[in-house]
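One chain, subunit A, appears in both complexes that follow, with subunit B as partner in the first and subunit C in the second.
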Partner chain A sequence: MAEETVSAKFEVYRYDPATDAAPRYQEYTLDLAPHTPVLTALLRIRAEVDPTLTLRYSCRSAICGSCAMRVNSKSRLACETQVGPELARNGRIVVEPMRNQPVLRDLVVDQEPFWRQYDAIDPHLILDPRHPMPEGKETAMTPAQVERFHETPRCIACAACFSACPAVEADVGFPGPMALAKLYRFVVDPRDTATQDRLLRIQPAGLWTCLRCHLCTEACPKDVRPSERIRDLKEMAIRAQGATENGSRHAVGFKENIRERGLLQESKLVRQTSGVAGLVSQLGQGVRIYRKKPEVLKSPHRIEGLDEVEKIYAALDREEDTS
Partner chain B sequence: MKLAYYPGCVAQESGKELDMATRWVCRALGIELVEFPNFSCCGSGFVDEANEVLNVALNARNLAIAERAGLDLLTICSTCQGMLSLANLRLTDPKVKARVDGALKPIGIEYRGTTKVKHLLRVLVEDVGLPAIRAKVRRPLSGLKVGAFYGCHLLRPGDEMNWESPEEPRSFEELLDALGATPVYYRGRVMCCGFPIQFVKPEVASRIAGRQIDDAKTHGADAMATPCPLCHISLDAYQNQAAKAVGHSLDMPVFHLPQVVGLALGASPEELGLARHLVPTESALGKIGTKAPA
Partner chain C sequence: MERHEVVVVGAGLAGQRAALAAVQAGRDVALVSKLHPLRSHSGAAQGGINAALGKEDSVETHIYDTVKGSDYLGDQDAIEFFCQEAGPTVVEMEHFGTIFSRGEDGSLARRAFGGAGFPRTIYAADRTGLALLQGLWERLGTERFTLYEEWDLTELVVRDGRVHGIVAFDRKSGAFEEIAGKSVVLATGPFGRVYGRTTNAHSCTGDGVAAAYDVGAFLKDMEFVQFHPTALLESGILITEGARGEGGILKNRTGERFMSRYAPHVLELASRDVVSRAIVTEVAEGRGFPGPYGSYVHLELMHLGKEKVESRLQEIVDFCRNFAGIDPVTEPIPVYPGQHYMMGGIGTNKRGETNIRGLYAAGEAACVSIHGANRLGGNSLLETLVFGKQAGIAAAEYAATAPAPEMHAADLDAAVAPLRAWSSRTDGEDPSALRTEMQATMEQYVGIYRNEADLLEGLKRIRAIKARFDRVRVVDQSKVYNVNLTDALEVGHMLELAETIVVGAYARTESRGAHARTDYPKRDDARWMRHTLAQKTPQGPSLSYAPVTYTRWEPKERVY
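Right, the complex of A and B next:
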């Protein structure tokens, strides 16, 4: 029985920086079964319509991570994105290269920024040379120790998270979700001996630029959930070193701030995060806001039952409880 | 309909206009707001970063207050919605639950896990319903192009927030359509506003906010509207910084969700606290034939 097909309209990003003044979008229309992967469709375009279309792919099975690109503006693997649902939600299929990495040609990007950030976190076990692994023996981990990083080894380094991340987009120095998720994996690995050093280095290296917007977790084809592992890293970094950066001062300051009244004291938080110098630098903006919203300088009322809140802090915010 | 009203910190403080507009709209739609002077802050994502279990416990206390009263909880902030929903979810982990119970039981609080947390946007679309809202429109927002800006924690992580598509949400646009406005679709509507790092890396935060506002503008929006007062701070109170970051003026009025609903239902700009915005709303109000308060 012949399979039912749909007419699928593609708009594909075309750009060769060596010869083109600007990118353009080229249209192709193909009759395809709805379950056809976008990658298969692109390969058919290249084989039958336009041999100059440039893209990167390998396994076609969502294992190698090579074919990450933007399909209808979402960063994802082309090989596991079917044309039917994309047509249903957008009426057409717009295919573009990933963001946050320079385009080499058409759908192929230069992944150097992504791999540079990955290299910077030392993505390998660091062992103590004074205590080498015992000859001929494995270093066993308990199931509970392995469970702590069961998600991160699923990462196939496709860079979809890096492409989706607004912090990477706005700050080239930000390590990005994948590098931070990998860092987490080594920090919680009981065999690694550089945990403290890793946490110490990552705080000023951009840990606190993460916006916890969860766009990476949404983009990840392997459910690595980078944003949640970055949260874990933040808590571990505070525990290891205290509040040493604006970001950790803000988190710890916020926690202490709401303990006093049960509600946030807005202007006090700015002082807790940025110190007096920071407060002075924000003075102009503060005055602008105060003119329209004078409450910004007032302390909120104390909530009823503040003693209950205090007892929850006393029970759960002790040093030994934050492990 | 009767709900436990969880206004969150900002709507009780610098974002008071959100509280004013919420009360006006709920009165107009017959939603009874029950107030609890013992609700504490949701932790806003920051307490979660400093101490995850403490954050869950503080919110379990909030959820228990509503549970004891037999009411679902109404939030008016994407971040409050995210944090309170997340507490419900994390309490399904027996290890977390045991530690939280251990802190709550000695102070006589028990949370059984039955409180539903609903954002005003969801209550309007699902419980009140668009036909009922449409029937109450007195001042259609015809000719006003509005870019909805959802706020991360209302949508993501999608499998945890468990509502509409985190990539292609439609509820806010459908609501805007019911109010007579023209919804504007743009990439930035599901992106981040930059607020979480406003005081940590202000220049990066401003670039992020600027990009989203610019995106809405490029797609023809006369105004933006957000269900999150923290996004409102980034998009409105710090819009001057965002404009500096993108290198040109933005002049984008930004409404809170209940302000656009209130305008369509006939509230005056004064009743909705529009004079409290940093970016004047005149240009948008002019399009629907009303005037901004002095």
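Right, the complex of A and C next:
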């Protein structure tokens, strides 16, 4: 365990809204072993250079979720981000507060928007008094049922996913990856009796705002994979209720298009997704596309080998029936 | 001024459980915490929670193991109650929503832990604390109470032998407030950060314990400090006992499985104090691996196979890979004992009552005592829930009939004045430097093996640092999220507690459980089978002693 140190240059976001007109970046340079966590480096700056540098931290072992921030533009936990790879990637280490939550000061954000979305999904077991839990005994839950939670019980509510999510940035009403992964955790819980109700409420509450970019899954330090659970919720929601939103109608229409002809029928898909009113509202854009690509209004041909597509659909239908 | 009936300080498992009990009793409850409840240190507990639910196991055996593990310093009436409550407590947490690991038949899975006669530890992979914290927070969230999130406790208000509330400040705004309460439950967790190498979070600074000490509460058995045998060498991050429960073994530099010499029957699953001292002895006698962060021994998991290690010890794999650059599937883990648990704390009975009317304590901040001189793995999560609930019930009962609390403007001024003085100095002591010196002192002079000369030196040094703290300076002038002010507050709290640890350790001229005196290597039941009580005086802690409660178990030599 020989220790060679490297000179690490940090550029740290500094901002106190009470006194500063605008944020600034402050530079610090430290000699550090390459496996030093960014949090350790920031705490050294606080202890040795500048005690006014403000951050939130506690466990330093990736379990309390306090020290999520952006390191070289990526939302992650400072405690488990090592300086060596960051320097190799970027030559310096730029440390900034998370996004999608207002900055309180320096690296500390106000997490109220994040917790508000968490609270909104009813994050607790909803029980039916007609089906009480077994008296004095645990609910039986097989290992297979436990596996249905996937990795959602590992969530430490650090909000790195919330910070990384472009849908949260675009739409403040979007629950965000953590709240949706948490919702999934309750939907699959065999003890919860509100599964159907939860699924009925989630489509209008913004489920389809998710862009499927998977940045949440990339950001998550605990491998919770929120985007995969959001995908599961979308499937479950359509099965529970059919397609009720533009997003789900688009998904269902897409599936039907391919099944019919093996190709997208774009004008039809717009109608399927947004209805006639939607078609009218998008008329201007349709005309512009038509000028460039007149063939969009024609129904496309059926592709060759459509029988193969049908076989795939049949196999998927069988799988769905057995799940 | 804010007013509530029951004020709970600390929102980990003990505080949340106390709050739930008080809310269920119909009281208006405030829950005050310097961390969001889900960020509490309870969430870092990995291994599990004990309950004798197996057919072959029994509450009797759990009681016996806990009494023996405590090295006969635990109060047996409290231990009996504690173990009887274990099964219902775990089942209740399951009903609240906690997701535990399961056996093939759908029942709660159990694993073996050190010092236990049977596999008794119920778990959720290796994140049991997190699973419990989530389940309890979800349950508590369905009730009405007021959360004071990210508020720092500065002071308890006690007048005429009775508590009237607290003074705290809101980190977000920097505003100081009185929060009046008919009763106060302190559940602020441990103070492991008095030591340098500790598995505890940075926030484990004993704020509630120091506040209670400051107003005359007895601190009990403060000299008993548990060192976890397997902390990651450089960072002190905990490698759960579950790693040994799953079959992990310890080896010294000669490749020897050295626990066979210290605990021939149970080997690596001997009680924590036994394993910690074995490692320190191996290193002291030259059989450790040398390195820039000190000498160490190896914890090996390689023989368990990739699949078992990655599925059963997932968090450990992540810790090793992310914090030490080590892959435990293919390489040994460098470990050395680190401070892990404080058996001592605010003295309470099994209802959480202290010697001050209306003041209650629970969890690691308290000392009932069920752990006595040494805590068994899997008993601390259980303690938070069993005694958190009891303290909540008792605090609610007291609040139901107690007269309204009296807070005066002078209380707030008195609490805030010293903090303002810290911030107005243009020259003075840096809290970070004081903290580092305190930690090094405790590590060097009040560690796993202790002796009179070291303890005297340690006391001298801690008192010198305390004297310098009188001139502590807070540089940061901002009102918003001033962690520099929190630094100073915390180090002031910890210095008081460090002093009680050293004084208690110096006075106790025997070896018992986690307290190992090389100059008094034997347990001395005739003189020392009693609890240490420390009370604050201007000259430092004044010690007195209280008897241990016995029911059915006669002290025996503790052999594993």
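Just so we're on the same page, the second predicted complex is superposed on the first by the 309 of 323 C-alpha atoms of A that agree within 3 Å, B and C clash if a C-alpha of one lies under 4 Å from a C-alpha of the other, contacts with A are read in each partner's own complex, and residues count from 1 in each chain.
The rule we apply is simple: a contact is a pair of C-beta atoms (placed from the backbone, for glycine too) under 8 Å apart; a residue touches a chain by one contact, two chains touch by 3 or more.
All of these numbers come straight from a predicted model, not from anything done at the bench.
Visitor: Based on the superposition on subunit A, does the combination of subunit B and subunit C result in a clash or a fit?
Guide: Overlaying the two structures gives subunit B and subunit C room side by side.
Visitor: Using only C-alpha centres after the superposition, what angle do subunit B and subunit C make about subunit A, to the nearest 10 degrees?
Guide: 140
Visitor: Counting only touches as set out at the top, which of subunit B and subunit C does A:166 meet: first, second, both, neither?
Guide: Touch partner of A:166: subunit B, not subunit C.
Visitor: A:62 in the overlay: touching subunit B, subunit C, both, or neither? Say first, second, both or neither.
Guide: second
Visitor: Contacts for A:298 in the overlay, against subunit B (first) and subunit C (second): which applies, first, second, both or neither?
Guide: A:298 sits against subunit B, while subunit C stays out of touch.
Visitor: Between subunit B (first) and subunit C (second), which, if any, makes contact with A:191: first, second, both or neither?
Guide: Touch partner of A:191: subunit C, not subunit B.
Visitor: With the two complexes superposed on chain A, say which partner A:208 touches: subunit B (first), subunit C (second), both, or neither.
Guide: A:208: touches subunit B, not subunit C.
Visitor: For the combined overlay, can you note the least CA distance between subunit B and subunit C, rounded to whole Å?
Guide: 16 Å.
Visitor: I'd like to check the shared interface: which positions of subunit A are touched by both subunit B and subunit C across the two complexes?
Guide: Dual-contact residues (subunit A): none.
Visitor: Which of the residues in subunit A come into contact with subunit B in the complex?
Guide: 73-74, 89, 166-167, 169-171, 174, 208-209, 211-215, 217-218, 225, 227-228, 231, 234-235, 238, 245-248, 250-252, 254-255, 258, 262-264, 266, 269-270, 273-274, 278, 285, 288-289, 292-293, 295-296, 298, 300, 303-305, 308-309, 311-313, 315-317, 321-322
Visitor: Considering only the defined contacts, which subunit B positions touch subunit A in the complex?
Guide: 9-10, 12-16, 37-41, 43-54, 57-58, 61, 99-100, 102-104, 106-107, 109, 152-153, 156-158, 166-168, 187, 191-192, 194, 196-197, 199-201, 204, 207-208, 211, 237-238, 240-241, 275-278
Visitor: Which residues, counting only subunit C, touch subunit A once they are in their complex?
Guide: Its residues touching subunit A are 35-36, 38-41, 43-44, 88, 90-91, 94-97, 99-108, 124, 127, 130-131, 134, 138-139, 141-142, 172, 201-203, 235, 237-238, 291-293, 315, 318-319, 322-325, 334, 430-433, 436, 475-476, 478-484, 487.
Visitor: Using the touch definition up top, name the residues of subunit A that touch subunit C in the complex.
Guide: 1-3, 16-19, 35, 37, 40, 43, 46-48, 51-52, 54-55, 57-66, 79-80, 82, 104-106, 108, 110-111, 115, 119, 123-125, 133, 136-143, 145-146, 149, 153-154, 156-157, 185, 189, 191
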